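Down below are the structures I want you to see.
In what follows, subunit A forms one complex with subunit B and a second complex with subunit C.
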Partner chain A sequence: MDTRSSNLKSSALSVEQPVGAGTTRPVLRQALRRKNHLDANHGKMGYAFASLYTLLLVAFGIVPTLYAIFLAFTSSSGSFAGVANFVQIFQDYRFLPDVGHVAAFLAIWLVGLVIFVVLLALIVHGIRARWLSGTARFLFYIPGALAGASSVMLWLFVLDPAVSPVSFLLRAMGLQTLVQTISPQHLPIVFAVIAFWTGAGGWIVIMYGALNNISTEIMEAARIDGANAVQIAFSIQLPMMRKWIAYMGIMSLAAGTQLFVEPQLLSQASNAVVGNDYSLNQLAYLYAFQQNNFNGSAAISIVLLVAALALSAVFVARGGLFERD
Partner chain B sequence: MTALTERGSRRAGLSQGAVSRATGRTFVGLVLVVFALFFIIPIVWLLFATTKTEQQLVGTNPFSLGSFQGLAANWNSLVGFQSGAIATWLGNSAFYAVAALVLTLVVSIPAGYALALTEFRLRRLLLVVTLVVMLIPNTALVLPIFLEINVVGLIGSPLSVILPFSFFPFGVYLAYIYFSTSIPRDLLAAARIDGCSEFGVFARIALPLAAPVVALVAFFSFVQNWNNYFLPFVMLPSSSQYPMQVGLTSLLASTPAFNPSALGTSPIQLPALALATLVSVAPVIIVFLFSQRFLVTGMTAGSTKE
Partner chain C sequence: MVLLHSNPRRPQRLFRAAAIVTGTVLVSLLATACSAGSSTTSSGSYGFTEAKQVKNSAITVWVDATRLPAAQAFEKAYPSIKINVVTYDGAANGSNSFKTKMQLFDQAKKGWPDVVWSTQDNDSSWASQASGGTQPFAAVLNSGLVPSATLANFAKGALDPCTVNGKVYCLRNDLAQNVLWYNKTLMDQFGYKVPTTWEQYEALGAEVAKQHPGYIIGAAGDAWTPEIYMWASKCQANDVTGIRSVTVNTTSANCVRMAKLLDAGIANKSLTTDSVFSPSFLTAYTGKVLMMPGPAWYSGAIFDSKTSLNVPAGQIGAAPPLAWSGESAVTGDVGGGTWFISSHSANLAAAEKFATFVTTADAYQVKLAPGLPAYAPAAKKWVAQQVASKYFVDDLSAVTSSAAQIWSGWGSPSFSQEAIWAKTITPGLTAGQTIESLLPAWGTAIKNQAQVDGYTVK
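Entry: the complex of A and B
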């Protein structure tokens, strides 16, 4: 709070002084010449500093994207194939079920993520005792260290009633073996829980930071007017967090459509009770490395990319991400 | 003043609001406890599990301590797997993650500086493309990058993971935000007028001031590199080149409890697998513990503020 008020003060002090009031002509010309010279150096420096990054951006951002688009619209011999690759993957018997799997997972995960991250951030932000709020954030954040294969591995144990720390919960739900826990109809929930467990803490910390940026005067005024915590949350804090929620939605959506390591490991651990073609990304992998059909694989990647970008557009529009306050 | 008004409003609301506030507090406390348990139980369980034998793991209380001998036995069985493969994997992970981290810093910090504080013709375009590419999930491009790397004949080389890891647009974006909001342009201009070269302005003035964002980019880059599974899984065919994350799946494949067909080949018991999971995340957890102050205070949010 102290730093914020001092920031305000310093920005108030640094109001620009009007320039050029008493400059004489020769001085002005000299200054201009000097400025041009500096700008030229400046520009060269900009290119130099950005050059390495530009190189990587081209090599691992732009070229792969263009290459994927090229592959998706050509045949294996390199001739133009129109939408044949897309027709082929749409007709693949695994495609539609996989779309369903990924969509179900995304729906459960995104809704859960938005509701619980916002709720927990509001609660943690409302805690007066500093140590308690800090500890809570740290506890929530720690699972973020276990991403990818490690977290799935840990959750294999947690989901196996034979060894699980919460086996009483699993048994209470009528689940006696790992294979029952990870039966196909449970998987979207299982993946959503794993993803939430690893990712939510980071977002809670980010939302907490966003909440800290809301001016205390506004909150204070609302409180004096008799608003309670719930009213403040809905009429002040939530609207101010809108952009951050949209940002979280986009990032999570983009990552979620790419579901790969979770079903891959579960498939391995369940002796293929979970198929190795559960998600779209797995299907793309199978196309490329088992069927040697890179064109079909690229077509799936493009479909995923377009879907992710299109859905992101919804968040951008609803969250007003590109509006200026 | 804050405290005064707060006390005043509290007193006013005491009569009608006391009951509802009590239920509110109970609700808040309950939510906190339930979620704290949810986030922490698996990790606590993992710590206990590494000290147990397979029988103890199945038969005893999940939160009971095994024995030091149990931990040692699990460690030995883990180290014995494919004659010390786990050391190789950890070494590989460290090499890939750190090499890529260094490259990321060398590439992203100057780029962020250039985008924020210099003028050149492609600046806007570069910025927009960076933002768009940030939205593309990195797994989406793994297969095309595989084909590209294949064309240059680098499949199976460490470069096949280090180079793609080093492309970290999020880091560039963080550096850009930091340089454009936290470094006063006047300061740089003053250095220029005092005769400092363009490179000197960056190296002597801007870079020392950017220590927090360098740490932040390093942190995110390291964690992401260490945890990446899909890219090395596709790029590196032989076990001697696996990073730890991919190695874990080899261990899983040799665990009879999860894969009955693995009985013959040097089997891995469940507690040893739990230990491997812990070992695979230990470096990241250590980095987390050291960075928790700046992470948890919400600095991440401040630095990406629009």
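Entry: the complex of A and C
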């Protein structure tokens, strides 16, 4: 029988059918039709799930981005302004200090997050007793379940040596008053600690899931070969978690460059000792709503977007995020 | 190898469907964004375009936590007028939340509250100006909306921060000029005399530091410290010369002499760098405040307050503001608070009733208000009530007379001097630097902030 029969042309299936004795054409056709039907359903569900996300992505992600690009290159009257808005924001006396603030915060936070989340996930995964492992994961997750603003409110009390439950720690570090705790050189660390406390728990749970994906046979084989926990971690678990670590890096980078809630609340709670123009996102907010300069605000947003995209590209490349296994 | 492909026409069809839906959504979004949702307006007789008035509609009022009793007093006095009370930070310490929130509403072209309280008295500088195609947020009050008899009864100069080009845009809540608050009991106990000049004040600080360490004669840790000390020394840090022009000179002799005084007091610990509203201040200095230059509202907010120093009755008195030797005394002003009526209000009658009540009615201003009312008849009664309660040791005449001594060289620009001081000086003080060494940085910070806010700086 000729496999290149016209019956097979109607579908895009290229199936190599071993046509031998006992295989009749009607049975073949029926089997192919069933497979077509199943695959069609398969594809339909995928598109259905993705379409809602795509709609929202376009409506709340892409369209606002395009609008921001439009605003960034026009003036308030709508006429083309070239790079005037960008020049204006680069010359703003607050821009460079804010870049420094966000960069310092990101450096401390990203490095700390990646190291500690992976470390804690490895430890939690290595715990033999299931009840202990489950409890640990639950406890890690709880701070992240609080909404961002309420977590910061909690930290406003923790940071004030006069009312903090860990005031002995603060005083041991030589900090007697709230103003000392939030002095400018401490702020990147303070914000990194707050962001870590709220964000790490969820990522630990995700990394734990990623570790579960690693086949136990490989782990067994390594153990039989005499590798200890550290060697297993570095040689097997970490390389296989590359993609998830890269994913965590990108999501945290996106959130970190947009630092806003922590400095904004701390500014109000500290009676303006922490300025309300600490981070780039706050500067964009001030441009839009205090100086009524939406074009400048859009320019700052575009700068942030470009920076985040560039750094994410590094993570994608190094982490092999889109590689197929 | 088996490649799993479904019918290529199926995903194409779905794609097309998704594209059509997306397109429809986008078009409808753009359509709603483009259509200017302007309410039908009628040009009113009050000097601004009014929104369509809806009789008996509920009004939304924004207050801060300290002004909540005012809203509650209004509800008691006028149970038939429905009000929705929203608390916010009152734009305290130059947080700008009043301005940023109103500009958000201007962008949306709807949603403004009807009456807003602000702790700052520089909000008329922006609320009187149109922004982004929307009319000014603040309603003009002296073109008929508020009876002219009411406006005339405010203390002389009280409505100056509210007045732009002859139009009054807000009602002043209280007068907040600074006097020298002192604890007569402690002063008599230690045998000190109340100073009348800044030089005597500085010398007293040195004595107190030596003889009674732990006691203080002032606080320099709040964001309004320049409004108490620098203003009183005629420091030209905030000389607003026009609608959008300001002169800034923080290194003049007037500024340096006060900076030296503050540094000396901070060094010998007779002046504290704690904020008077911080828990550490209360722990360290309850019962240990010999005197404190401060605004009139310190009376109810700091001294006669259970949540603050809670000084027993019969101890606190008010002395006139200090003068530099050979000069006449001038004083500063810390806020005083203002009430705004929204020009977009759909029930101007109720909004006007609320704003007038909270600034003039005895039920709040005399009975409950923590500071000296800006409305003169209420102020008289407030002083009489304080005297009758015998909380203060004198008749508070220093408080009323110092209203005429406010130095006019310190203005109310649209940016916040408090925020600049808090950001520039306070961290430096905590790090051990002197105010005198920070004066140039302070001046630069003021100039920078003024320029981004559209001011020409000389």
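What we mean here is this: the second predicted complex is superposed on the first by the 267 of 325 C-alpha atoms of A that agree within 3 Å, B and C clash if a C-alpha of one lies under 4 Å from a C-alpha of the other, contacts with A are read in each partner's own complex, and residues count from 1 in each chain.
Please note the rule applied: contacts are C-beta pairs under 8 Å (C-beta built on N, C-alpha and C of every residue); 3 or more make two chains touch, one makes a residue touch a chain.
No experiment lies behind these values; they were computed from the predicted model shown.
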First, second, both or neither for A:S297, with subunit B first and subunit C second: first
Touching partner for A:F234 - first (subunit B), second (subunit C), both, neither: neither
Which of subunit B and subunit C A:Y208 touches, first, second, both or neither: first
Dominant contact partner of subunit A by residue count, subunit C or subunit B: B
Partner chain in contact with A:Y53 - subunit B first, subunit C second, else both or neither: first
Partner chain(s) touched by A:Y141 [first = subunit B, second = subunit C, both, neither]: first
Touched partner set for A:V166, first subunit B, second subunit C, both or neither: first
Partner chain in contact with A:N276 - subunit B first, subunit C second, else both or neither: second
Subunit B versus subunit C as contact partner of A:Q268, first or second or both or neither: both
Which of subunit B and subunit C A:V63 touches, first, second, both or neither: both
Set intersection of subunit A contacts, subunit C complex versus subunit B complex: 39, 42-44, 47-48, 54, 59, 63, 162-163, 178, 268, 270-271, 285, 288-289
Subunit B residues touching subunit A - in the complex, by the definition given at the top: 2, 5-6, 9, 12-13, 17, 20, 24, 28, 31-32, 35-36, 38-46, 49, 57-58, 62-63, 106-108, 110-111, 113-115, 118-123, 126, 129-130, 133, 135-137, 139-141, 143-148, 163-164, 166-167, 169, 172, 192, 198-199, 202, 223, 227-230, 234, 245-246, 248-249, 252-253, 258-261, 270, 273-274, 276-277, 280-281, 284-285, 287-288, 292, 295-296, 298-302, 304-306
Interface residues, subunit A side, partner subunit B - complex: 38-39, 41-50, 52-54, 56-57, 59-65, 67-68, 71, 116, 119-120, 123-124, 126, 134, 136-150, 153-158, 162-167, 178, 197, 200-202, 205-210, 212-213, 216, 220, 223-224, 226, 228-230, 243-244, 250, 254-255, 257-258, 260-261, 264-265, 268-271, 281, 284-285, 288-289, 294, 297-298, 301, 304-305, 308-309, 312
Subunit C-facing residues of subunit A, complex: 11-15, 36, 39-40, 42-44, 47-48, 51, 54-55, 58-59, 63, 92-94, 160-163, 176-180, 183-184, 267-268, 270-276, 285-286, 288-292
Residue ranges of subunit C in contact with subunit A within the complex: 2-8, 10-11, 14-15, 18, 21-22, 25-26, 29, 89, 92-97, 99-100, 103-104, 131-132, 221-223, 273-275, 277-280, 283, 416, 418-419, 422-423, 426-427, 430-431, 448, 452-454
